[in-house]
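Shared chain: chain A. Partners: chain B in the first complex, chain C in the second.
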Partner chain A sequence: MFFHIVLERNMQLHPRHFGRNLRENLVAKLMKDVEGTCSGQHGFVVAITGIENIGKGLIRDGTGFVTFPVKYQCVVFRPFKGEILEAVVTMVNKMGFFAEAGPVQIFVSNHLIPDDMEFQSGDMPNYTTSDGSVKIQKDSEVRLKIIGTRVDATEIFCIGTIKDDFLGVINDPATA
Partner chain B sequence: MSIEPFNKLVKLVGRAFYDDITKGDNQPKTGRSDNRGIAVVVLDALSRRQWVREEDLAKDLKLHSKQLRRTLRFFEEEKLVTRDHRRETAKGAKMHNAAVAATIDGLPAKEGEEKVKMHTHSYCCLDYAQISDVVRYRVQRMKKKLKDELEDKNTVQEYVCPNCGKRYNALDALQLVSMEDEYFHCESCNGELVAESDKLASQEVGDGDDNARRRRREKLKDLLQKMEAQLKPIYDQLNRVKDLPAPEFGGLQAWEARASAAKRAENGESNGMDPSKSSHGLGYGGTPMPFLGDTKVEVDFSGVEGKGKDIKSEADGAGLKVLPPWMIKQGMNLTKEQRGEVKQEAKMDGSGSLAAPEYSEDKKFNTENNDKNLQDEYLKAYYAALIKRQEEEEAKKALESSETRVSDGPSGMSPSRQVGMKSKRDEDEGDDNVDWEEAPITGNEENFKVNDLNVEADATAEAEAEDEDDIDWEEG
Partner chain C sequence: MLRADEEDASELKIGDDFLKAKCLMNSEVAILLEHRCDQMKHMSGDSTTQLPQVLEKSLQYVKRFSRFTNQGSVKQVREVLSRYQLAEFELAVIGNLCPENVEEAKSVVPSLKTKGRGHDDEAIERLLNDLLMIKKFE
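Presenting the complex of A and B:
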């Protein structure tokens, strides 16, 4: 699920960036530092949408670096148990398959794949129905449901299922 | 409070879930430690009893008490049975027997053991409210487990390393996947992980091929259906019991107190029993049960009084009422005063029909505590006089209440006192003054109390009142 929230961060800026473009430099550095990171509490920071407020800088003794408290608005993505996501399959093996929904990695184990799909090994391992009409392989797009999340301080990993109504392949790259 | 549906539930549950329980599976099944089927017998026996001493139960069931205790401990863990342990003398045990005899006619009260030694006795009782909850939860869990497995819903696959026995689950998948092949590998020993299958129907499925999976589904479905069919009676009984209030026996002590009280009530010994019961209770001394009994006594007592003298609603009056009967010797004056009030009120009401029963009730009360009759007579005479005077005062009070209060307000005395003063002044001025001078401190209070229906006159006040009363009497 996506959220638009306000976060705060203390940015350390090197003295060489001081000048007319201090603010631009600060924001550019913030984006570089923050976008794409993951915190267990808020999820993945997808994009910074605006700066709320930049506080007074504090010069650090000895280094000359200046610390600015910056409040910024950003879009975060936080997966939840029970959430339905669309994801791209990245790897298929005997134990199941891995998929990615943006920054989130999701593992679907083979017992959470519908029973009528069988694993076919080969140079392009895949799960196929007996009539061959549906195939899950690398780069397939699947709709899945998250049934478990592991949230660490700096990463989020999910396990999903496609064994439910309206879940499964939504776009087969082989036929497209 | 019908116990029957609950008992039926207990019996059904015993047969459904505890029939083949063998507690202590690690022991070799010699004749004595083989517990099969005993659980059902014990449950059934408990459903016919309330609180029961475990030794008695063992005797009744012809079981070894150790064996029974093992079964009961198991049931305690299963939350079907509540147990209570108490160190008590033979006397205490006898008391329990009496209580048991009061509720279960079939069980003879054993009055044996005259040992004074303290023994720890264990008691047990079915906890019906908890049983219905526990059973409902158990059935729900069974169903959920099967259904989840059937649909593979919300189950996190587990993996185990056959070499080192380390366990992983699907959430670790990212770390476990290896580049060389398509299997998961153990982090510590790099062994190939296998999908863990501790689930009910999947034991024989090693490789998890498709055919086996289908077979497993079939098996699960079958199992679920069988369970539904076989547990149908329990479902029905659970539904029946759901809206019924569960029978509550309370704790062991509360139950004993209640049971013995009920027995006494049955024997037709109502109020007359109370003092003897309380003394009985005192005899036990050590056990906390007598207090419960005493509480009962007080409640009954106040109830009777309330019935008799429902006109009196002063807080102080209530305080006097709750005095236990054996306390009355010292505080006799207080109760006598109460009685005097009643008489006075009766006279004031002027309705003999209402007053007579009250009086007789009180008289009965007197005879109960019968050693005070002489003093009672004396006080009656005294109170007759007192009441006469009070009646007059009351009449005057009724007449002048409003005006006197308003007019005498500035003088800074309490209205009731002033009423008394005023009335006396009306009666005869000089004497009143004498009264005030005679007893400047206590006399006033006394007056106040008299007008307030003698709420808490103690011995000294009593004496003072007598003096004052004498004067009045002579006047009248």
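Presenting the complex of A and C:
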């Protein structure tokens, strides 16, 4: 799920950036430092949308650098256990398939794919029901439920399932 | 902060930070990010600038999965849904997935039925109808 959230960060600024453009320099540095990063607590910071408040700067002993506490609003993407979302399938193999929801990768193991779907190898590996009516392959859109998350320093990785009511390939109005 | 094994979105356990934060529907994120991308391209004065990967991926994702594309209807969806005493998180999930019937709605947002907050089937039905109307007249 995407959230609009207020975060805080202490920014260190070199004295050469002081002057009239101090605020702009600070904001530009913040965007460069923060956008695209990922933390386990808040997820992926997708984009900064506004600056809430810049606190009083504090000169650091000995260096001349100044630390400013900056409060900013941003759009973050944070997956939660139990959340249901839509994703695009990126890779299919006999262990299961990988799907992507924005910056997050989700793995769905073949144990969590409905039992009536069988793996078919070939140029376009896929999972298909015995009557061939439902097919999961690369670029399919699926609705899945996240059942576990693992957090790395720079990445969040999720395990999902499509073995539940109202989960699985999304009905494409063009083919239905 | 919530430990990973304690969080469960189906019971709305998503930690204080996120309960207080505003949840965004994919359609809203699409509007925000497109604006941000334009801004970035404008700043660099070059329309072919490479966007940061996380931004690029998110933008592609929300464009693909936006149920509502015009700004007016996105606003309307939020307005209509906020009349039903939903938590922010529930509102966004319903807005993202647009369930077609009551059973589906209760399945994708289990917290609708567990809390006994007066979300009977009729109320959910009305909510889904309202949503359908907006979609129809978009």
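Everything below uses one rule, namely that the second predicted complex is superposed on the first by the 143 of 176 C-alpha atoms of A that agree within 3 Å, B and C clash if a C-alpha of one lies under 4 Å from a C-alpha of the other, contacts with A are read in each partner's own complex, and residues count from 1 in each chain.
Methods note: a contact is a pair of C-beta atoms (placed from the backbone, for glycine too) under 8 Å apart; a residue touches a chain by one contact, two chains touch by 3 or more.
Note that this is a predicted model, so its numbers are computed, not measured.
Considered on the superposed chain A, chain B and chain C are sterically compatible, since they fit side by side.
Panel annotation: after superposition on the shared chain A, the angle at the CA centre of chain A between chain B and chain C (CA centres) reads 80 degrees, nearest 10.
Within the superposed three-chain arrangement, the count of touched residues of chain A is higher for C, of the candidates chain B and chain C.
Residue contacts after overlaying the shared chain place A:Phe44 against chain C, while chain B stays out of touching range. In the superposition on chain A, A:Val88 makes contact with chain C only, not with chain B.
Once the two complexes are overlaid on the shared chain, A:Gly57 sits clear of chain B and of chain C alike. Shared-chain residue A:Arg143: touches chain C; no touch with chain B. Of the two partner chains placed by superposition, A:Pro69 touches none, neither chain B nor chain C.
When the shared chain is aligned, chain C comes close enough to touch A:Ile5, but chain B does not.
Note on the superposed arrangement: chain B and chain C approach each other to a least C-alpha distance of 12 Å. Where the contact sets of chain A with chain B and with chain C meet, they give residues 149. Those residues of chain A whose C-beta lies close enough to touch chain C in the complex are 1-6, 35-36, 38, 41-42, 44-47, 49, 75, 77-78, 80-86, 88, 100-103, 141, 143, 146, 149, 151, 164-166.
For chain C in complex with chain A, the residues that touch the partner chain are 1, 4, 7-11, 14, 17-18, 21-26, 28-29, 32-33, 36, 52-55, 57-58, 61-62, 64-65, 89, 92-93, 96-97, 99, 103-104, 107-109.
Residues 151-157, 159, 170-171, 173-174, 177, 182-184, 195, 208, 210, 213-214, 217 of chain B are the ones touching chain A in the complex.
Listing the residues of chain A that touch chain B in their complex gives 91, 93-96, 98, 105, 107, 109-112, 115, 118, 121, 125, 147-150, 157, 159, 161, 163.
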